[in-house]
Every structure is written in C-alpha cells, then in structure tokens.
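The data blocks that follow each hold one structure.
The following pair of complexes shares a single chain, chain A, combined with chain B in the former and chain C in the latter.
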Partner chain A sequence: MTKKNYISAAICLAVSVAIMIVTSMNFLAARDVPLPEKGPSVTEVKMLSDWFDGLKGTNGDTPVYVLKGEKEGGAALVLGGTHANEVSGYMSAFTFIENAVVEQGTVYVIPYTNHSAMTHNDPGEGNLQYFTLQTKSGERTFRYGSRATNPVDQWPDPDVYIHYPSGQQLSGSETRNINRAYPGRPDGNLTEKMAYGVAELIRAENVGITFDLHEASPEYPVINATVAHQNAMNIASEGCINLLLGGINMALEQSPTNFHGLTHRELGDYTDTMAFLMETANASQGRLRGATTVEQVLGGKDECYLISEGLGMLYVPWDENGHPIEERCGRHLQGIYEYVTAYNNANPDSAIVYSGVPGYSELFLEADPSELGGARLGSFLL
Partner chain B sequence: MITIIYRLIVVFVIGLVGWNLFTEKKLTMQLNCAMVLIPLVLRALMIK
Partner chain C sequence: MIKKISALLLAVAMVASLAACGGDKKPAASNGGASASAAGEVAGLTEAFAESPILVTSGGQSADYQMIGTVMGKLGMDYEINNLATSADLGDAKTLIVVVGGSSKGLGAAGIDADGELARLEELMAGAKDAGLSIIAMHTGGEARRGDLSDKFITPVFEKADYAIVVSAGDEDGLMSGICAGAGIPMDVIGSISDVTTVLPAAFK
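For the complex of A and B:
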C-alpha cells in the first residue's frame, strides 16, 4: 500500500461521506409529513394512539381529524393514505378536512392511515417524493409516499405473510401493506398495530360507515369501482345508482369473503361499521406507464396508456385528457356524499349531515380544462 | 432483536469494505468500495 493509494482512498471516502450526508438529509426530511389545515368544522385533532396506546411514540401513530356537528348524530370515518402513493386518497381527505361543514353527527378523517408509508417512497419505481399545489394560502408541498410501511419501521419481511386471524398466505412484502393487515392485533407488527388502532377507533366511536380511498392502475380490473361489505350492499346499491344518475361511471362489487385483510372485508366482519372502499384510475400506479412525472400523477396523462387503450388492455376508458386529480378526488368525494346520503335514509336516527365539500361537478365538470391537473383542486385547499 | 443482529452484520460488512477501500490498489475498486459504503451506512443508521 502506497501513500498514493491512501490519498485516493481518502478522497473516495470523502466523496462517499458527502453523498451520505446529502442523501440522509433528503431521506430524513421525508419524515416531516405535511398536515392538513384545520377547516371550519375541525373541533379536535387527536392521534390514533388515543384509541390504541400501543402506537404511541411510533411512526405508525397518525393524526385523526375530528369534525363534529352541532346536532347529535351518527359517526363516519374517512381513511385517506392507506396506500401513500395513491394521491387522490389522501388529497380527498385533505379536501374534506379543509372544506366540510358538519351540521349533524361526527366525521373522523385520517389523512395518512399508514403514516409510516408516507415517510419514504419507492425510488426503484422512479416515483416522485413531493409535488406542489397553488392553494388559497399560496404554494403548498405534499408528499408522495409508498404503498407499504417504511422498512426502517418494520423489518424484515417474511418470505410468506400469514394474515391474522384467517391464516391466509400472501407474498412476504404484503406484511407491510396495511390493507392486508385488518383487523390487526395489539401485539402484532407495526402495520397490524395500525390496523388494530383503526378498528379500535371504529368500535369505540360507534362509527356507522367507513370509507377507504384508493387508486389503482388502469390495467387493474377493480377500477372506477366501489367494493362494499355484504352488510353495506343495500346502502351501496342506492348510493351507486345515484352516482350513475349523476354521470359518474361507478361499478359496485361485493367484498369477496375469501380475500382477507382488506378494510371492506375485515372492518365489516370485526366491527359494526358499514365498510366501503373506492378506487379511481391513476396512471402512475400502472406497469404499462411511461416516466412518472408530476404531469402524470396530477394531470393523469400518459402517452403509453393511450397506446395501451388502443390495444384493449385497460379497464378504464383512456384518451389524451387522461384522468386528472380533480376527476379522481371528485369521484371519491361525490361517492362519500352519495353513500352517506343513502346511509342517512336507512338510519335517520344516526344521520351524518355535512356540506361545503366540493364534489364531482365543482372539482371536475365545472372546471376549465386549463385548471385540471392540480390548479382546480388547489383552489379548494386552504 | 433480529434488527439489532442485522445492523451488527451491516456494521461488520462496513468494516470489511472500509478495510478493502484502503488496501485496494486499483482506483476503480476503491471507487467501487466507496459507492458500496453509501447504502450500507444509511442502513446501519436506519435512515433508509
């Protein structure tokens, strides 16, 4: 070993340490997750650990926004960010929190159901880390996270994930997917504890109706769809008909009884809530997509999907206009409204009445095409 | 517990790679070692 070798090794090490510092700052900054502003009906911001203290001090603990009306009524729960890379899920939750005026009953909104998943992303997918929107208060930055819990918080993945309590076997990576972890357990891994916390909230607050907001790739069969537990199918049918009458193409499926761990199955089985899950089409979720860009995530446009549409490979209509974030959030928010209205018709004593939340028309149909892709949605955010 | 064992293994490998960085004569191999150190150190510190 010569002195020259030592010098070159030291230089290499110095460059390496510099890269470590820069990347560390980037990764650590991702743990600072932006929160919604408090809207007119937010009476309290609690933490999920208030219902299950096993989450206290962990990265799985997450804010729960409580929107309480003046009149007594029922309770609803909106879950955004179950999968932290499904943007319309948590942006719909943000929009609800910042706009809703709850007149009767209580609405609980969790913008980041899997908070840990929001603290990292999937660089192997070429995904974004952040995107910005121009809102009423100026430019705000939002995170783009990952489908699964941060491995820093839960590791290692088993080869085979065995769901509790069904014993269903799935790929090992699904052990960090909260939508395969319900109903959860208090002594399980972090993802199971988060799921248990949500179930405990539902049980403690007598939540009558629960919405889990998702996005999926255009080549996924369950798209532009609502999946509901069998106990909720009457309400789901009424709500779905009204969505169709309002011009929203919404499919309705009953939750399969042999696919475990999902909100629409387990929350319906293990709590008294009526469980709904909604899916919209997001180009950035798919395997047939081009480069993941802000235009693709928010504008919902993708050249590769235009080709895929021509080849008949998609389950959702696709043209050069794509499916902008306003259409996707509008579907979710209109869906919540119609299903809650149907719930109120069936349960007048525990009704949940709110107004002020932009729906499909306000967000999408009435928008100028130049506003689509984030500007229109941002105009409804504080 | 398994995470602690894993991190100890990572630290051990960091030591080996660091040793190799300073004993390697070829510059390309030294660069290789320096690159390999980045994810290992970030993992040992549980940053990524």
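For the complex of A and C:
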C-alpha cells in the first residue's frame, strides 16, 4: 500500500469515527425526554411503576403528574403521548399540567403514556426529532417521537400480533402499539406491561373518567372526533353537544365491541372508568402530505393537503390556514373540560373541578393569526 | 432515451390514475339526481302533526341518535331509544324518529353490518307505516355523516318520512332537500344539532 493510500484510509477512518460519535450522541440523547414543569396544582410526580412494579427500571416506566384539589372528589386520568408522534396529545398534557388549578378531586396526567416511543422516531417517515417553542421561561425543546415502542426496548416483532385476552390478530408491528395492548398483562411484553400499568392506576385510584389524546391523518375517517365506550355515551352525548354549541365541530362515535386493544374499548371493559379517546387532524401523519417540517407539525399547513382537499380525499375540511397546534390542543383541552362537566352533572358526589387550563377560545379563537403555529401555545407554557 | 420516455409516460399514467381515484367527495344524489332546485323548493313544517310517545332509533348507527336523545331529554320529551328497534319494538309509540348517519364504528358496536341495518330500517319503517305512526327523519351529523355509507340509509328513510330535520352542512348537494321537495315532505333546515330544540317540539301536538 502506498503512503497516499494510507493517508486516504486514515481520513476515511477519521470521518467514519466522527460520524459514529455524532450519531451515537444523537441516538443516546433521544433517551433524554423533556418533562413538563410543575404547575400550580401538581402535588406529586409519581411513576407508573408505583402502580405496577413490573415497569420499574424499564424504558416503559413513565412519570405520572398528580394534581390534587383541596376538596375531596372524583378522579380523572389524562393520557398524552399514547402515540408519541401525535403532538397535540402530549402538548395538551403539558398544557394541562402547567396551568390547571384543581379545586376538587384529583387529576392524574401522564404526558408520555408510551415513554419508550418518545425515545426514538421514524426516520423513514422523514419525521422531526425535536421542535422548540418560546415559553414563559424562554425557549424549550420538545420531542417528536414514534407511534410505537422503541425496538431497542422490545424486539423482534412477531409476524402476527395476537392480542391478549381477545385473541384478535393484527399485523406484527402492532405488538409495539400500546393502543392495541390494553388491558395489558403483568407478564407480557413491555408494551403490554405499560398498558397493564395504566389499567392498574385506574383501578387503584378509582378513576371515574379517562381521556386518551390522539391525532390522525386527514385521510383517516375518524378525525375531529370522540370515541367513547358504551358506558360513557350519555356523558359523551351531553359533552359533545356542548362542544358543538361552542363552535367545535366534533363527531361522536361509540367504541366498536369487536375491535380490541384500544383504550376506549378495554379500559371501559376491564376497569370502572368511562373511557374517551379524542382525535385531532395532524398534517404530518398522512400518506398524502408533503415534506415533514416544523411548519407542518406545528402550523398544521401542507400544500399537498390543499390539493388533496380539492380531490375530495380528506375527511376534515382543509384550507390554506391548515390546522395549527393551538386549534388541535384547544379541541383536546376543551373536550376534556366539557366531558368532565357532563361527568360532574351525572356524578355530583365524585366531581372533578378545575380551572386555569386554556381552552379552544384562549388557544385558538382569540389568537392573532401570527401567533398560531406554536407561539400562542408557548405563551401558556411555563 | 427510449427508457426516459417510457419512464415519463409511466409517471404521467400514475399521476392520472391517482387523480382518477379521487373523484368528488360527495356522490351525486342517488334519487335519480333530484335536487331541491330540480324538484321544486322544499317547504318547512307549518303545523304540528306528531304525538308522543316517541321511539328514537338510528339509521346507520352513528352516535347522532344518542345526541338527539340527550337533546330530547333536555326538552323533557317522552321518548325511548332503541338503536336496533324492529317493528316488534314499536309498542305504543305514536311517532318514530330515525336519526340517519352511517358509522362503521357504530355498526361494529351494534354488531350489525350495513346491509343488515338497511334491512332492519326497511322492516321497521314498513311496520311503522302499517301501524299509522308518524315518521320523522333527521340528519344532524353534517358533512361528516355523508358519503357512501351514510348515503345508503338516507333515501330509504327520508322518502318514507312525514317530516324531516336536516343540518345544512350535510345537505350541500341537495340530496335530502331534493327527496323532500320531490315527495312533498316538509323539511326544516337547521344550523347545528343544538338547533333541534327550535324545530322538533313544534312538530308535536
């Protein structure tokens, strides 16, 4: 080998090592997940393993923010980050934790229900890893995760995922989707253990009403919608009417009895909670979208969806204003408020009363257009 | 060069097929293309005609029937809800309200498929007609409750109704107003489901 070849080889090796170091740091940094600041009613931050110790020491263990009012009442649970790429879900949880003043009862909020899914993303989808918002305390960084449990924590996927206990068969990759894993089992895989932990929390704390916050691609028929367990339909109907009166176009669906593993089905069947799932429209999730950008994720704008709307391919109205994060979080937070209010009307002895959380008006309707796409939401974060 | 031209032609063909898959979001009215303007203007209800007790059912198993039940409860109306009612469940009801809106999740929850739901509705409405009940058709889910699944239930329900209440966003193509105008069925158009409170009580003696 000539001297020239040695130099070339050394340069290539050095570049490879540099790339390896940078990507390794990036990979390991994904495990550092930013947490909410403690709002005025946060009395305790527990871990899901406090309800199911099978999660202790795993990447499936996740913080549970406890917001306890001075007056005794019922209990509610808010699940953000079931799918860690559905931004309005966990950002609504952050906003609730950092703003809510709970006067009666207890609200448990899990910002990252699938904590493992927040520690990676889907690079094949061209997804973001991070985005930032200007908040009251300055610039804060937030993660953009994946729909499913990190394969580093649970691998390999089977060819066919068989849901416990129904025996329902789904694609093998769904074995890492926590919203196909409920009610979970203590001796199952990590995703099933996480689901079991949530169900155990609900059972132990007598959680009367549970919200699972999601987003959907504009091509998906169940969008701008609430799905509720049949036991919750009376409350869902009343809450939905109040949302409509407030100018929020919300469809209501009853949870199918033959589709298993989802919160609105299994938490209703295997616990005493009233289970709700809400969906908003996320421009960064669908197949018809353009390049994934921060503007698309937070601003909710996408040129390709404008074309798709013209072709009649979408299930949600679309124009050049898109669906900014403030509208999406506003829908979730207003939905929680209206359904809790309806729950309180039906269950005055176990009421949950809170204030201070910005709703659809504060986040979206009252915002200047220039504030939409993250600035307005950031102004409510600590 | 030939390869480049072939690739270009293939790409054009793929784009053309993608556009062909789209089509109009709202299919043409299935009642022979009748519309309000073609069949004449639809008229609102002018006098009360219905009586209690009321049986409320779904036409397509969307949750809209439950929301109507909630509204009627707030109005203090005398009603029962049975989303899977057949003619055997009519009992002493004097009015049947069918809230139309298709939902695949709702059909799944009810354990019935679209064809079974259609057959149930046809049997129920025939039974109601035979028993002399008044029939009120409602479509309150707006644009979200239009499309192939929902439209399957609209025509058979609306053309047998004595009165119809429709949220305007669901009838932008004039399907329901066309049916009602063509058949002389009074129909009131409202802005949202909550406006049911302004028109439904007026239908009852």
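The rule is short, and it goes like this: the second predicted complex is superposed on the first by the 368 of 382 C-alpha atoms of A that agree within 3 Å, B and C clash if a C-alpha of one lies under 4 Å from a C-alpha of the other, contacts with A are read in each partner's own complex, and residues count from 1 in each chain.
In the analysis below, a contact is a pair of C-beta atoms (placed from the backbone, for glycine too) under 8 Å apart; a residue touches a chain by one contact, two chains touch by 3 or more.
The structure presented is a predicted model; accordingly, all values stated were derived computationally and were not measured.
Enquirer: Does the superposition put A:Asn249 against chain B (first), chain C (second), both, or neither?
Expert: second
Enquirer: After the superposition on A, what does A:Phe27 contact: first (chain B), second (chain C), both or neither?
Expert: The first partner, chain B, only.
Enquirer: Check whether chain B or chain C contacts more residues of chain A in the superposed model.
Expert: Of chain B and chain C, more residues of chain A lie in contact with C.
Enquirer: Tell me which partner A:Leu306 touches in the superposition: chain B (first), chain C (second), both or neither.
Expert: Once the two structures are laid over each other on A, A:Leu306 reaches no partner at all.
Enquirer: Considering only touches as defined above, state whether A:Ile19 meets chain B (first), chain C (second), both or neither.
Expert: A:Ile19 contacts chain B only, not chain C.
Enquirer: Please indicate which partner A:Val101 is in contact with in the superposed arrangement: first for chain B, second for chain C, both, or neither.
Expert: Neither partner.
Enquirer: Which residues, counting only chain A, touch chain B once they are in their complex?
Expert: Of all residues in chain A, those touching chain B are 1-2, 5-6, 8-9, 12-13, 15-16, 19-20, 23-24, 27-28, 120, 152, 155-156.
Enquirer: Contact residues on chain C for chain A in the complex?
Expert: 19, 21-26, 61-64, 66-67, 69-71, 103-109, 111, 141-145, 192-194
Enquirer: Inside the complex, what are the residues of chain A that reach chain C?
Expert: 221-222, 224-225, 227-228, 230, 233-234, 236-238, 240-241, 244-245, 249, 251-259, 308, 311-315, 317
Enquirer: Which positions of chain B touch chain A when the two form their complex?
Expert: Its residues touching chain A are 2-3, 6, 18, 21-25, 27, 30-31, 33-35, 37-38, 41-42, 45-48.
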